[in-house]
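Order as written gives the chain letters A, B, C, D and E; numbering starts at 1 within each chain.
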Amino acid sequence: QDPLKIGMITTLSGPAGYLGQDIRDGMLLAIEMEGGKLGGVPVELVVEDDGLKPGNGRQIAEKFMNDDGMKLLTGIVFSNVAGATVPDIVDNGAIYISPNAGPSNLAGSECHPNYFVVSWQNDALHEAAGAAAKQLGFKNAFVLAPNYQAGKDAITGFKRTFGGEIAGEIYTQLDQTDFASEMAQIRAANPEVVFQFHPGGLGIAFLKQYAQAGLIGQIPMVLSEPSTDAVVLGAVGEAAIGIHATAHWNRDFDNAANAEFVKAWDEKYGRPITYYGSQGYDTARLIASALAKTGGLDDIDAFREAVRAADFESVRGDFKFGPNQHPVHDWYLLDIVAGPDGKPMAVTKEKLLDDYGDAYADQCKM
Amino acid sequence: MRVLGFAVLVAALAALPFVTDALGQAAWLALATRILIYGIAAASLNFILGYGGMVSFGHAAFFGIGGYVVGILFTHHASGEPLFGVIPGTDQMLVTLPVAILVAGLFAAAIGALSLRTGGVQFIMITLAFAQMLFFLFVSLKAYGGEDGIIIRRTNALPGLNMRDKATLYWVVLTIAVLFFLGLRRLINSSFGAVISGIRQNERRMAALGIPAYRYKLAAFVLSGMGAGLAGALMANFLRFASPDMMHWTKSGELMIMVILGGVGTLFGPFLGAGVFLMLETFLASWSEHWPLALGLILLVVVLGTRGGIEALIRRLSALGRGGGQ
Amino acid sequence: MILVLEQILNGLQYGVMLFLLAAGLTLIFGIMGVINLAHGSLYMVGAYAGTWVAAETGSFWLGLPAALAAAAVTGLAIEAAVVRRLYARDHLDQVLATFALILTFNQLIVIGFGRQPVFTMLPEAFAGSIELIPGLHYPPYRLLIIAAGLLVAVGLYFLINRTRIGMLVRAGSTNREMVRALGVDIRLLYTVVFGLGALLAGLAGYMAGPILAVQVGMGEQILLATFVVVVIGGVGSIRGAFVAGIVLGIVDTCLRAFLPGLLRQVMAGPEADALGIGISSMGIYLLMALVLLIRPKGLFAAGS
Amino acid sequence: MLSVANLQAAYGESRVLFDVHLEIADGEVVTLMGRNGMGKTTTVRCIMGLLAPQGGSIRFEGRDVAGLTPERIARLGAGLVPEGRQVFPTLRVRENLVATAANRLGRADPWTLERVYGLFPRLKERAGQMAGTLSGGEQQMLAIGRALMTNPRLLILDEATEGLAPVIRREIWHCIEHLKAAGQSILLIDKNLAVLKRLADRHYIVEKGRTVWTGSGADMDRDAERVHGYVGL
Amino acid sequence: MSAILAIEDLVKCFGGLVATDRVSLEVREGEIHALIGPNGAGKSTLINQLCGELAPDSGTIRLAGRDVTRVPTPARVALGLGRTFQITSLLDDMSVRENVGMAVQVRLGHNFRIFDAVRDRRAVWQEADRLIADSALAPRAGVRVADLSHGEKKQLELVVALAMKPRLLLLDEPMAGLGHVESLAMIEMLRRTRESAAMLLVEHDMDAVFALADRISVLVYGKIIATGTVDEIRDDPAVREAYLGAEDELC
């Protein structure tokens, strides 16, 4: 029997390449652990790089579905690629399960029965950070994010759950790499806490410069998940120690599924696990749970039902789908502390939000 | 001879959906559609870059505008609320394409009017600057999805055609592309085209002959922007999606790469360039995750080896073939 | 007051940093007339090589020569293998070829170092922040960057405007054949200058490492701003690049820092913020458009 | 010192030189004449290595220089004042002169900035100006001065008096006389036939890429009819 | 006779250098007016102001009775101004024929037509071919300008200028770079042209100037020091000293 082909459209080139790489490796790991199968069905993961271009993502999807007859696709990292690709996939009757991107338009009015998100809805990331700042007892916060929609959403999300006073609000430039001016403004405002959202390299630069400005010990910082993944911590080094982070998954989560995952990852790859890796792994486990019930994709409706049931052990613990087929799960507060080798590591401190969904579920009419 | 070649090419392209269907390679059709669309955009850019000597590094702006016109009109069509409270949305291609071309032309007129006061490298950078400003503008337009872009649920309608059918959409794009290239050929060989080419070679000389270069350059810039807008509108219809990504400077760069790869200042060069670039990107990416390395090396060999892009290479090879045949 | 002072210092530092990046580019782009998009790749190579050596040896200072050497050698190799064939060609061919180099180098780095950003260290003596005057805390590493930038500026200015090498390079950019016919081996000269430009890119990359993220594609992020500096300054002018870098740095920093506040005095809060953010985020492009509309050849155009 | 035999050259597909001969001995002044477009400049380009010859031989100072790079040939002692001036427009006048200056052959009384300024005082006045903004004649002076500053063994002047005022032109002829007296070898291309006839030791006439006539000024008078046919004298 | 070109008190400075210093000059209908003077005297600068490439600091230029001092080049061309460049400035990628054709095309108008075919504009090509046939470039009509020799380009400069059918032709050293035979041919050609166009001729070739000019003005360091007939100028001691030099055997 030919293995079942699963199409993975992901971003492997450019600065954000490591995101796609970890998602892919998480999925491959799950498949390998089951001996090339998911849910007892032999599978083959076909991976292609979209180069972070919506048009390319669409092209790859087209090929996967029409030429290779794939009915199950996954892998997209970025919202704009998802926007150009996902509607076409679901219209074609195929199932798309997102291991990362969770844009609001697809969570709300454009939601679709064939579209699932395993990771999170984008806004929830920052709502968790707001909840953390509140939980930690901070009364006023200085908030910063790049001047684009995701940045504005981040700040809105943070404010929604924080509820305290805003000591200052700065939108940085989209491609700004030098934050000295912002550091001076933060120092002058002297807030109780700083929240900032800068994805990827910008976040690394921000943290380094925050430390060099001597602010790290003075003004605490609360961050949402993308700013503190293992790769970012590794690149920033000691400067990250003392930061409050939030996450829906962390390496030290105490559950059987996670222990198995962490052990296997360390053996296979030996590099730090990012939460992207965990999402890839969860996605594969979710698929496995559905395939175990249906034995294949011949009956798409049955498969869709099986996915919706989310009958699998997530490495993040509790997991179920909300009405818009986005996750309802828990969010945690983490501390960044010095590890045994002096390098920063994230330690889970407490649960912040329990069974938390997203704000767009109401707009979804399925 | 040339006419015959063109006719054969068009016939072959028209037959493509049957071929891909027979081979079970439907994705090739999508690729071909994208190539045609990018071919239009690249050829538009080439009109000012190759024939007019104006190196615009911001042409993706007009491409993006074209896409957004389709997207915004569709959004308002879907929601039923008129744009600015007066302009009703629409999903009719017979309306959206002309509007996209018009709006792109207006933007090109404004940007061109300012940019053309400079020349050379400064022109490259100032067109880039305006495109980036537009990019930032659209990135922050929450009403239209910001960074995430607009999802266009349905391809624009054309009376009597099933636009959901991919082959139909391909034929529509092909028809427009053929008309576009015929028009472009006329334009290049027109009186205006000759003046533009003269201005590229020597603006000072043309002024001495009595040509106020600025006006002509602006007209060319606007025409070129309109072509890019048309391509953008088609792309939005094909992808059913428009996002700021369409007007990012890397997209401008990509269009330029297509032009150079195919052959600057040749009619079909940009089309060939778009074809080769997209095919390389697509096939290499499915071959290895390290495809950019291969793409880089291939492009390097092409630019060092061909002198004048693929078009020049083909011309030299065919001359060689003819020479050898005698 | 302290805040204004600090922001001006920040602007100065950012400007010097931009100049440091732009210096090599001006040399290659402005004076030799080669549009080298791969300049950012040389910057990346310097950053990676230096960081790697620094990590292996545990010393920031040992990383420095490694960064310079790696970037210079890469630059020389690129020149000999690719760029040398492009001097006589159209700018557009140069664009395509160096774009191809970007793709190649980025992927080579991925293969060699992986996709993850790498950790960079700060020299011990320059870590943290010091109090310059009471109330003004400033990271000494940034002072180091200012110093390095000024040194490079003076050195380059001298090299280009006061030495025969500079004259010959400038002469060659307008008429290679004639320079050769007068007995100068311009190819060797260009190779050396290209190497020097690459070395400066490597220096900038390594110096930027501890402040920014060392990752694949870091060169392209910075490339645009660098070109903007070169063009505002006037293509081919080291002095222009320096002045433009500083002006841009200070204007950009101060716009970001003070514009929303100023606007809030004359209009409602949210609108002021939106406008302020809008203007400052398009800052460098607006500035460039303005400068070019008033002085189409930039601030210090060569030949005037 | 220079001997060109059976030189053939082409620009791309189109053949321009078919059979050019030329001999210059040490200390000799030789002219190359011909109507427009006959191949004079092309011959010079071949000698300087700016165009690769397709056949024939070029020997300079006893060495076969066909195929050498221009800089090698220049270093062997060829100094060029090119057609159309070709000064470096973005360099100042002074920089144009010193950038490529050299005394590779170790001349005892080399050309210096002062001597060039002495010859062309106008250049001294304009020393700090960008060469691109000089008047046509000033650029021509600069091109001559620039070539002199390389202290060449053989000076090649391709229409070096084009666009110069009669006074200056006369000065240049005087200067060439002096140079000749000092033993400088010179290859001259110019249209002032009367002067050339007086100044030069020998003349070559090219017609459609071939050397068709050789002789001294006296030969010229003797063969006036043919020469007239070639150059309209 | 009326003046087609009248210049009054024209001043142009470059930094401290006064390149044209209160120059006044008149070119009459049907006249060849030569302008001579040492190198760097300001002749080309004057021409560039007349054709609109340089803006004068003060003074007025009247062309065919209209004040054109601040009018851009193309508008002056419309009034009948044509010029040649001292350092040739042509459309290098086009053939000789296309260069001449372009001049005719621009003159005939309709240059904003985007859907016609230049190749089929019979009037343009007939006239271009006739002009080329009348010139020394007849056998070179199809050659790309970049492939022409220096002298051939100079010849083409004039043909292109003639194709514009100007009423006033500004000639900046048309003979420079021409061979002896070609110079004679060009003198002949200019003689024929004087029927239709007045000329301001800048030239260092005195044979040509003395053969052609009706009147001569002498410009030295930005100032006109003399204006007169050929004989008056030839014998003017100031002119001899500043420009012509002593009559000796070498010239």
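Following the convention adopted for this analysis, a contact is a pair of C-beta atoms (placed from the backbone, for glycine too) under 8 Å apart; a residue touches a chain by one contact, two chains touch by 3 or more.
Here's who's who by UniProt: B, C = Inner-membrane translocator; D = ABC-type amino acid transport system, ATPase component protein; E = ABC transporter related protein.
In this text the structure is predicted, and so the values were computed from the model without any measurement.
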Each chain counted as touching chain B (Inner-membrane translocator) and chain C (Inner-membrane translocator) at once: A
Graph distance between chain A and chain E, where chains that touch are linked: 2
Centre distance in Å when chain A and chain B (Inner-membrane translocator) are each reduced to the mean of their C-alpha atoms: 35
Rounded Å distance between chain C (Inner-membrane translocator) and chain D, as computed from the means of their C-alpha atoms: 44
Inter-centroid spacing, chain E versus chain C (Inner-membrane translocator) (mean Cα positions, whole Å): 48
For chain D, residues that touch 2 or more chains besides their own: none
Numbers and ranges of chain A residues touching at least 2 other chains: 12-13, 147, 174
Residue numbers of chain C (Inner-membrane translocator) (touch at least two other chains): 106-107, 110, 224, 278, 281
Pairwise chain contacts, counting only pairs that touch as defined: A-B, A-C, B-C, B-E, C-D, D-E
Interfacial residue positions of chain E with respect to chain B (Inner-membrane translocator) in the complex: 51-53, 72-75, 77-78, 82-83, 85, 89-94, 102-103, 105-107, 110-119, 121, 160, 164
Chain E - residues contacting chain D, complex: 14, 36-41, 43-45, 86-87, 140, 147-152, 155, 173, 176-184, 204, 206, 242-245, 248-251
Chain B (Inner-membrane translocator) residues within the chain E interface of the complex: 183, 186-187, 189-195, 197-198, 201-202, 204-212, 216, 219, 223
Footprint of chain A on chain C (Inner-membrane translocator) - complex, ascending: 3, 6-7, 10-11, 13-14, 17, 106-107, 110, 114-122, 127-129, 137, 139, 141-142, 210-218, 221-222, 224-225, 253-254, 256-257, 273, 277-278, 280-281, 283
Chain D to chain C (Inner-membrane translocator) touching residues, read off their complex: 48-50, 69-71, 74-75, 79-80, 82, 86, 88-91, 95-96, 98-100, 102, 104, 130, 132, 146-147, 150
